[in-house]
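Below you'll find the structures, each written out as structure tokens.
What follows is a pair of complexes built around chain A, which joins chain B in one and chain C in the other.
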Partner chain A sequence: MPANIVKDEVVLKVDHLKTYFDATKGLFAKKQTVKAVDDVSFEIYKGETFGLVGESGCGKSTLGRTIVKIYEPTAGSIEINGRDIAGIKGDELKSFRKDIQYIFQDPYASLDPRMTVGEIIKEPMKIHGIYKTEEEMDARVSQLLRTVGLKPDHIRRYPHEFSGGQRQRISIARTLALDPKFIICDEPISALDVSIQAQIINLLEQIQRELDISYLFIAHDLSMVKHISHRIAVMYLGQIVELGESHEVYTNPMHPYSQALLSAVPVPDPVKGKEKERIMLQGELPSPIDPPSGCPFRTRCPYAMERCAGERPQMKMYGSRQVACFKVEEENS
Partner chain B sequence: MENQFDKKLQDIEADDALFEKLEDSEKDSEFIAVEAKTYFQDAWKNFKKNKLATIGLIFICLMLLLAVFGPIFSPYTYDQQDLTSRNALPSLQHPFGTDKFGRDIFVRVMYGARISLSVGFASAFINLIIGVVYGGFCGYFGGKLDMVLMRLVEIIYSVPTLLYVILVMLIFGSNIFSVLLAICISGWVGMARQVRAQVMSLKEQEYALAAKVMGAGDSRILFKHLVVNSIGPIIVTTTHMVPSAIFTESFLAFVGIGISIPQASWGTMASEARGLIMNQPIQMVWPVLAICLTILSLNFIGDGLNEALDPRKRV
Partner chain C sequence: MEQNEILKVNGLTVDFATEQGTVHAVRDISFAVREGEILGVVGESGSGKSVSMYSVMGLLADNGTVTAEKIEFDGQSINASDYDGKRSYEKTMQSVRGNTMSMIFQDPMTFLNPTITIGKQLTEPILNHTKLTKGQARARAVELMTLVGIPSPETRLDQYPFEFSGGMRQRIIIAMALAMSPKLIIADEPTTALDVTIQAQVLDLIKELSKKMGSAVIMITHDLGVVASLCDRINIMYGGKIVETGTDKEIFYTPNHPYTKGLLACIKNPEENDKDLVPIPGSPPDLLKPPAGCPFVDRCESAMKICKLKMPPETVFSDTHKSACWLNDARAEKGVNAHAR
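Coming up: the complex of A and B.
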């Protein structure tokens, strides 16, 4: 596992971030909003990998995409190196784009099929005017291709000539072209073969060690997240319900949702696997258009109390852990 | 336990006989054997496989050569009358014969090709530019502006083309530019719709989002990524616009609005030959044949391109 996190140097600080989408259908229909990200706060340190887990549709990707401003935040702040980028636009925003990059989930869709590998990797350099001459750019592209384990003579190839793992490495090379300080990895391995997944993860870890980059690692494969992350945040219906050191959360989840999520991780040993008790959740993920009152998890929570319906639990510190749950609050008071 | 394992590992490593040297070629796992090919090289290879489309392309190229150079090398001009040899049948001097004023039909057909092909290609080009910019703009920005602009498109589309033509002719007179203008007023609408639909679906693709994250501006994303990726349907729509413009021009000339005599267009020639259809049917054959073969060829080319540029349609 990569080390050297600089705890007092915060690279990214997200504060009470909200991303709502308008889901009103038709001209005269009742106004509806999807609360995809609802009041999320966390910090990421320099050189750290921050894992973000949760089931499909809980707002993980939306959170990631809001941080890089693919979507506009509805409220809250996104601070990069101490500067809020939530409201900025145009050239001011462009200068921040260099510091923060995004690796997409689908390596088949994230590379423009009509561009050669060289053009793809050069594009960010051209946009930001980093290099003056074509030769300088070519040299940098070759170097980047070698960094990700491809050959410099792949420069004239088209993306469709590569395998999934190779393409994901091309897209990693593209994000590195701008020397970012922070990369959001949006399920970068979920579309890949298991044998290739380890390759990509190792590459990401190696890059982190060499370049001191911080990651926000979005995934639903919990064992992989535990392996790569220093800290983990568990997300449910647009909110973070638990946040703590990766190992602690993994071995001793406190929030009922984290417990259910972790009980679903398969165990390689069949004998141990039988002993393990699986918590089955009742019902479906509620619609973010019409979320439950109070705690978002109460409709599926085995420990739901009256209080849970009335007010929303806030994140509270328990040692190094933050949990938003009234049951945990009562047990620890 | 671990020490034991290490020792065993050393033992294995020491025993060279257990190992086999990897072939040099096997080390190179990232090598790609297929020759690098661009999109258009690939499309050209597929286009050539289509016989009809290739014949069409050859025919159109010949037609273009004849239109550009034919009248220069011909001993006659399009309006040169020779009253001594009126309504002559095809001969060595006049390969297609002469018309009722003794004008050489072959040179008039070549001259007509100039007008028909230039109207066809020019209007397709203008429609291409307007349609791509308008449709791209609507599709990319979307929202209320898009709604207003697309309603405007529907209004333009709902008025019959002939009405525009007659209006334009009234204001600007009968000449080639009026014909061009009349065809283009409503011609770009189809292209705009096509491009808008393409851009709308492509802008949600991850490579477009990736460009945005890199800091690319709207015009770069729109023209370098989205339009370039819709190039297949755009080219196909453009090729189908050419024959329809040629047909419109010929039709207008035939009914007497459009290019004015003595200028020769395939439509005016057919119109003039109509009076003699009982005595000299051969005079009708040449312009009609030229129109038919040109439109047919262009349609074959369009279909060939459609297949060659769309990977899903390849066999």
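Coming up: the complex of A and C.
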């Protein structure tokens, strides 16, 4: 069950953010740009889980990585607790690196196989010098292992001795080592078995309730995202096309792309699953190097009109929902 | 072999020799596939789903050995002596398999050669297995590409795999699998790497083609949504065993085995936002030393003393529904399975 959130306390504010990559092939080739994140704005509250969904390549990881300063934004701003992160340096950067953590999808690749579990969890503590003695660190590691449902005597074991779910627990323990305020979970359960996914989701929720952490939860499994998130944003070709309360978006998507995406989710029921009507999208996802003019979805949208090619629809409010679509605009005016 | 069974497997066991010892990957499983049906195989990763089907296809890693009481495909039986050594088994399987069994893998690139055009890769097997001329084979390839929904097939035949998206490549693999109108298609997680919108298209394609060509399909997946929307019958695997088998409705509406119930509970709750998920605690057994009794015993809330000691026998609920769990024994203390929904 998602924890209660404090709506007036904004932890993260992303404003008109753009992250472009240079994709030019050779010295004399024409300049090409991948518009991986293209003018995205949203806020995340304290203690909130903000779900981000969309097809692979739509820019979810790039957005997450720009927020943790792995990538430089091309334009726009990112504020953490009211502070613009663009110019931060020195001690401030260090405390920023401590407050914001990133959990990767692959619990196999993200843990160094030559290090013991203890060393893996201690590494960030050492970098940030938060504990003076080994004993203090050991005590904290034991506590963290217990928090994530492992045993303190696992401290001397190596990653290969653990299953996928247990490894993801180890990376969560490492993430928690610095008492972060904000964690970006980039498809943290995609590589895990269904029976183990539920364990990790429960763990993330329990940690959130206890520590008041906010999550940006990136995933492509829509039913799990819906379960864990307070709000959901749907991304398409670098843009957020719909944003709203998770239950509302899931049960009543308004943007034609969200509708298609949700109709494609297979229902785990033999009768409903076989009867479910799907909105089949025509064509392929366009390249982010040469995105369509106007609405990014117009090449596959069953409702595309002339206007959709000419101008880009802006996010507009409908109750608690934001949607960027001319059809929705016309129907609600 | 019953009349309409295309594949019948009895007592299949697969072991792998490793540095750490013998991995007992598949332990004495029996199942059948009927003509034209879609059979789902669901289970924890490492439970033996892929290995059991690969050995039926005669595709086995070098360190593997197969034993079985009986494997019958399309009325042809494989003799006990054929299991002696990997080479003779593979040879036998390949001749039995012929053109009538095909496979679709999770990663299409394991099957596609990146340096050869799609057209050549599609027409080669047609030329090898039929008397068609080059021109006729190409026409057949165009037909197959159209069938799997690839636009402008004429021009796309001359392109290389990298010029296609993941979803399109998977369609090409399906086109290749269909080239010989197989009686059985084994699909191993064919949509796991795809986005849901593309997955929906590929699943519809498999369903439609199986209907049109009458091919049976074995669909290996860990996605219960996928099995529910595609499969007629389902085998649930755990720790190298089939722990429960039934029709789609029997498995989803009247599951018997605690592992099946646990799996369903894991995916049922996300639908209800305000409830905590009910995960299955623990992790799967080590197949180097699988438990003597029920493979699920370490994670089962209802486990009794007997479960650790002896493999539970199969209880038959209907022609199609069977489950191997000691709770179905008349001697099981009533109330132990109180957690069953």
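Simple rule for what comes next: the second predicted complex is superposed on the first by the 325 of 333 C-alpha atoms of A that agree within 3 Å, B and C clash if a C-alpha of one lies under 4 Å from a C-alpha of the other, contacts with A are read in each partner's own complex, and residues count from 1 in each chain.
Just so it is clear, a contact is a pair of C-beta atoms (placed from the backbone, for glycine too) under 8 Å apart; a residue touches a chain by one contact, two chains touch by 3 or more.
Quick caveat, the model's predicted, so the values are computed rather than measured.
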Touching partner for A:Ile196 - first (chain B), second (chain C), both, neither: second
Touched partner set for A:Glu306, first chain B, second chain C, both or neither: neither
Which of chain B and chain C A:Glu135 touches, first, second, both or neither: neither
Which of chain B and chain C A:Gln101 touches, first, second, both or neither: first
Which of chain B and chain C A:Gln166 touches, first, second, both or neither: both
In the superposition, chain B vs chain C on chain A residues touched: C
Which of chain B and chain C A:Lys226 touches, first, second, both or neither: second
First, second, both or neither for A:Asp8, with chain B first and chain C second: neither
Common interface residues of chain A - those touching chain B in one complex and chain C in the other: 166
Partner chain B, residues of chain A touching it in the complex: 65, 68, 70, 93-94, 97-98, 101-102, 104-106, 109-114, 123-124, 127-128, 149-151, 154, 156-158, 161-162, 166, 171, 174, 178
Chain A-touching residues of chain C, taken from the complex the two chains share: 44-45, 165, 167-168, 195-197, 199-201, 203-204, 222-226, 228-230, 248-249, 251-253, 262-264, 266-271, 273-281, 283-284
Residue numbers on chain B that touch chain A, as the complex places them: 30-32, 34, 36-39, 205-207, 209-216, 220, 225, 228-229, 231
Residues of chain A touching chain C in the complex: 1-2, 55-56, 163-166, 193-199, 201-202, 205, 220, 222-224, 226-227, 246-247, 260-261, 263-274, 276, 278, 280-281, 284-285
